[in-house]
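One chain, chain A, links the two complexes that follow: it is found with chain B in the first and with chain C in the second.
The block that comes next holds the complex of A and B.
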């Protein structure tokens, strides 16, 4: 089926042909390790791609990866900002030596739900009293290229969470699918400075480059921009002088979507305890196996634990993912466990996302409707149904 | 690694081999200084996890020695140990560790010269090992970044909707619903564990618990009833009916045998099964490997006319691809996919421990390498715990959202146990489990 929105004629626009992706990604991989969605056999996930090796084998990036497909990866890009295990520091002769080895990744193809999830992570990890330097450093080092989704996948509920499936401004560069090419939008100074030299070069073999009609980039890095935004929204590229360019892109995407209504938001004014018995948590989670996959693949789940590893003459401290679905998560040294049962742990997961984070971080809901937890649950526990039940009870 | 001096951890039984080592010293028998001795009360005391942990922490080899069979201070400790080591060695080779890294032998207190010979032999063998070296914190076989062309398969978000095949199952499903209604109405059971169609976009077939006769219409039975339901039985109070495929039934039988469940507390509605279909529309790997079509035990058989058709064939466990691919690279590759979410553990019927060894603080099994080392430890450890207990339902593989195919390890071990000790889990209520018994004349496969 041919989509009418496709193939809008784009002039004097920054665009990049889908045939030239290999060159484009090679350019990106000069400074940072390139991360693309690849097929690992059963799932699609973000993995490091060695483009030099690919060139050497005369392989095509389009065959080796899934960069052009309209899909949602099984895991989010979270692990490139908040890895599953991360060395924090080493103890050496009574000294603490920080781990300064923070790699930078060029991440290609993150979806708007992932980008908005990163916004939540940033709110949690980069603002307030407890800023996390590891997250911050990775955030500064990484280069993030988003792509809008064309279609909703089964179990996606980004629209209900107020996330535009085709656009998010929380990245360095946003691409919009336009048939055989992508429209390129710069959303940060970093995005412009990295790609401008590449795209601006008139003699570049890609040849489609135009120096005109440059969208003005936002001052400062994405990170500082976001830090302000929690207090007062900065205008960003979405409006201001870039209107014309934006209009054209919006036409491709099928109309500017303003702030979508968050239809799955809970009433955050209510007292926590009112939610404890609002539905029969034990009933809705009776099939839950407590495996924790929902928390591991969730783009906004950010809980972690420390692990000290002693070696001969030295020791290391690691930051590792933790999951509220595990009984050990809240186990006290006394042996008492305040969330002993599976349904209590699941209740914590839901309320944390939709109630506690909004309470603590100015209404940011820690769910972007990517649907991963629903798709990956081995026994079909569906957070959407549970939310609907709560909201219905709330309305009564 | 300094190739000239491998580090070998030696677990010696205090009554024979440790005394043998002493005698080698007093007798001035020369042997290479590569072993680090750990004294244990009996070779039967050696948890296979010790050996796995030693290898993952960076030991180049492990040597285990106890009293000769028949001479055990505790009479039978080394008979049990013998089976354990034989099976462990099969597991480690399946995972791609060089077979010569782990060495088992018997040395008595009077065999000082033999002890020296054994250490010489073990050191030479370990020096010759090629694969499976895990140094502390680093795996000497890093995942290669994606760089070669891989074959693209079509993206599918296919749903679990009922397809044309479903028609064939309608008769059985109606019968199932009437059985369950009757059971609930006359109070034979408190609840029924079965499958229902989930209401979401993907319309998956998911487990459900029915506790009133009005809800029985929700039950479905067709070729997408994938999850193994048996572990839900452990959380139920009172008598529960369960819709069971042959693999679920084997799991229930094993749970009964392991005293986790009482036979009278469960009402098994057994079904014939010709294999279940995954969300991509293909038969699941575990199901195509399986030929158990009829449940070994049941209270009601709901096959309707199919029972006689079903053939209990030989099970082609030795998938030739698996045997060829028992490489360390494959193991590491699978480990790199794993994210340690423990879905496989939670879905497994056999993982019912209150606290998993991975969650224990004391003893702390975690390795010095918190990423891939922990994953290897978990998968190898879990496989040793399931040796001779796996019913090959494939729940671990089906639950894994990362697509880790780690079932090939336990598959290799299960086949080995079937061939060597003639035991299959969950097939016979009377037969003694392979790892809980011994024979005096058990073969010492792979021993020095």
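The block that comes next holds the complex of A and C.
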């Protein structure tokens, strides 16, 4: 149902001068609520931004949104597709009222790890006999603008997960930093139809310029290197005919060429049982407090629970984030709990991401190496180290 | 069937009749005979389940405890154990409730044709097997299957469910029913002891037989071991599992055992399938 196949041919590239980002954001905010990475003073976080407030403070947009800086937001864009709590429907007067009041956001500045995480979530929520209607409605309503990272930050391991830190095609529009401008690529029809007219207008008062007038340092286009996708590789310029561009791009990006290997992939051909006791889970999770922060800040963790709230004469049912790190997650009504111990719950988290989701969704791994769980863990449990141990054992 | 393709939206149903199943002091098992309201109708097969909602309290999964009846009703048998089931037990006949489904896979009815069947149930574990038994014993299907044997276990004589069915089932040819309880009681004429200890003495021909087990996990595992010792291959042993679940449609990621989800890949599994799954249920 959700089709983000990249059937848009990139005929010409656009670029946006960095001086004009405020106008660009204002344009985005005309149709939808604008969501940007914002510096809250403590963390960088995606927040709904009031463009009028930004306008009053002309020139400080870059401080406020950290567009230019290579920061990882504390949380991902997940909540704009799968909010922490979301009203599904209301039982009212012996009837039921579906909540179709789904807001659309223009989400600006999502990084490739988070875009690839959205691809994982789309596979889970939109594949099979049933689709999750709430995710789907938001997916349709939102407008998503990605932006590549220039540098890896501490604990980033996107490369090991086969994610190109500079590019993902799982968005409507992708921006790539190119000195004093961004290269703009349309990656969906929505991206083209909503921005093309705007960016084509060379006499635009805000001074957007076309690629011809403002040639990027590297001509041509960017390319996706992640293998084993649900979608076909993008057509058009993103293939061999632009080999020279690729080489140039790769040079700028630090010499990474060709397909990235997923060095943390487990073998989906093996039975789940072969991984179940492959390492001493109790030992590697000795310090784990079971706080669940790793699941909340994870861009691919998608588990949920339903919760009812009674109001006078009515009742509302909400879809809420849940966490496999909590004992009640699997507690049976009988009192029996298949995952009674913390290390069993942590094992579920790891194997779900790297074994079970790949088994069920065509090799898609439910981790994009954003590193948030590693950065946020209060006791330093490190999923990278645990994966390395599993893979070493597996190779024995 | 679903409003706007929203599988989380329940449909309204009416409780037509409530049957008190157990007579032990806590009276904790009841059967709710219900039907969908409006023009919609349910179509389901033995093994499948529904999600049952009480607005403001929540939603729980329950297996169908009967085939669809001529009047459009079906049975759901519920043990009182928590917030939602307490509320359900407090309902009166005529009450409106909300359900969604059917979900899950079914018992392999066609694959089992031509074979004998041996049902082993513990307590309310008979509930999800009952539509299967009804299906097999129905006049149009009875000839397709061989002998039908049942070993029905319960903690005490007052904890057996669906006792009103047994006489009817016994009158259908080639069907035997044995009841057992954990500890002997005065006037009890059935067997005494746990199922796995009794099976060897029951003199059942297991050579062309499928065994279908449902009950507490400990009973399922013990009975499986006994039947395996008696030479039954794992792919002739079936069970239906429970796990805590929310959505019922493979999205919420609660009910997995390894990469399989009880709600969409199950709840019915052969022991051969289960043996390739982590022991986490």
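Throughout what follows, the second predicted complex is superposed on the first by the 330 of 396 C-alpha atoms of A that agree within 3 Å, B and C clash if a C-alpha of one lies under 4 Å from a C-alpha of the other, contacts with A are read in each partner's own complex, and residues count from 1 in each chain.
Simple rule for what comes next: contacts are C-beta pairs under 8 Å (C-beta built on N, C-alpha and C of every residue); 3 or more make two chains touch, one makes a residue touch a chain.
Since the model is a prediction, treat every value here as computed from it, not as a measurement.
Q: Should the pairing of chain B and chain C on chain A count as a clash or a fit in the superposition?
A: Chain B/chain C on chain A - fit side by side.
Q: Considering only touches as defined above, state whether A:22 meets chain B (first), chain C (second), both or neither.
A: So A:22 meets neither chain B nor chain C here.
Q: Can A:91 be said to touch chain B (first), chain C (second), both, or neither?
A: After superposing on A, A:91 lies in contact with chain C but is clear of chain B.
Q: In the superposed arrangement, which partner chain does A:389 touch: chain B (first), chain C (second), both, or neither?
A: Touch status of A:389: no partner.
Q: Of the partners chain B and chain C, which touch A:42 in the superposed model: first, second, both, neither?
A: After superposition on chain A, A:42 lies in contact with chain B alone.
Q: For the superposed arrangement, I'd like the angle with vertex at the C-alpha centre of chain A and ends at chain B and chain C, nearest 10 degrees.
A: Value: 80 degrees, nearest 10.
Q: Once the shared chain is lined up, is A:153 touching chain B (first), chain C (second), both, or neither of them?
A: After superposing on A, A:153 lies in contact with chain B but is clear of chain C.
Q: Just checking: does A:289 make contact with chain B only, chain C only, both, or neither of them? Give me first, second, both or neither.
A: Only chain B is touched by A:289; chain C is not.
Q: So, A:53: does it touch chain B (first), chain C (second), both, or neither?
A: In the superposed model, A:53 contacts chain B only, not chain C.
Q: With both complexes superposed on chain A, which partner does A:380 reach: first (chain B), second (chain C), both or neither?
A: first
Q: Pick out the closest CA atoms of chain B and chain C after fitting on chain A and give their distance in Å.
A: Value for chain B versus chain C, nearest C-alpha atoms: 7 Å.
Q: Do chain B and chain C touch any of the same residues on chain A, and if so, which?
A: In chain A, residues 307, 309 are touched by chain B and also by chain C.
Q: Any idea which chain C residues touch chain A in the complex?
A: So the residues of chain C in touch with chain A come to 3-10, 12, 53, 55-60, 79, 81-82, 85, 96, 98, 216-217, 242-244, 246-247, 249-254, 256-259, 264, 276-278, 280-281.
Q: In the complex, go through chain A and note every residue touching chain C.
A: Those in contact with chain C are residues 88-89, 91, 94, 96, 98, 124-125, 128-133, 271-273, 276, 302-310, 314-315, 317, 319, 322, 324, 329-334, 336, 338-339, 344, 348, 351-352, 355-357, 359-360.
Q: How about chain A: which of its residues touch chain B in the complex?
A: Where chain A meets chain B, its residues are 36, 38-45, 47-54, 56-57, 59-60, 63-66, 69, 71, 74-75, 84-85, 153-155, 286-287, 289-293, 295-297, 307, 309, 311, 318, 320, 323, 326-328, 374-376, 378-380, 382, 384-385.
Q: Residues of chain B touching chain A in their complex?
A: Residues of chain B touching chain A: 136-137, 145-150, 152-153, 155, 157, 159, 198-202, 204, 206-209, 227, 231-232, 337, 339-343, 345-347, 359, 366, 368, 370-371, 398-399, 401-403, 405.
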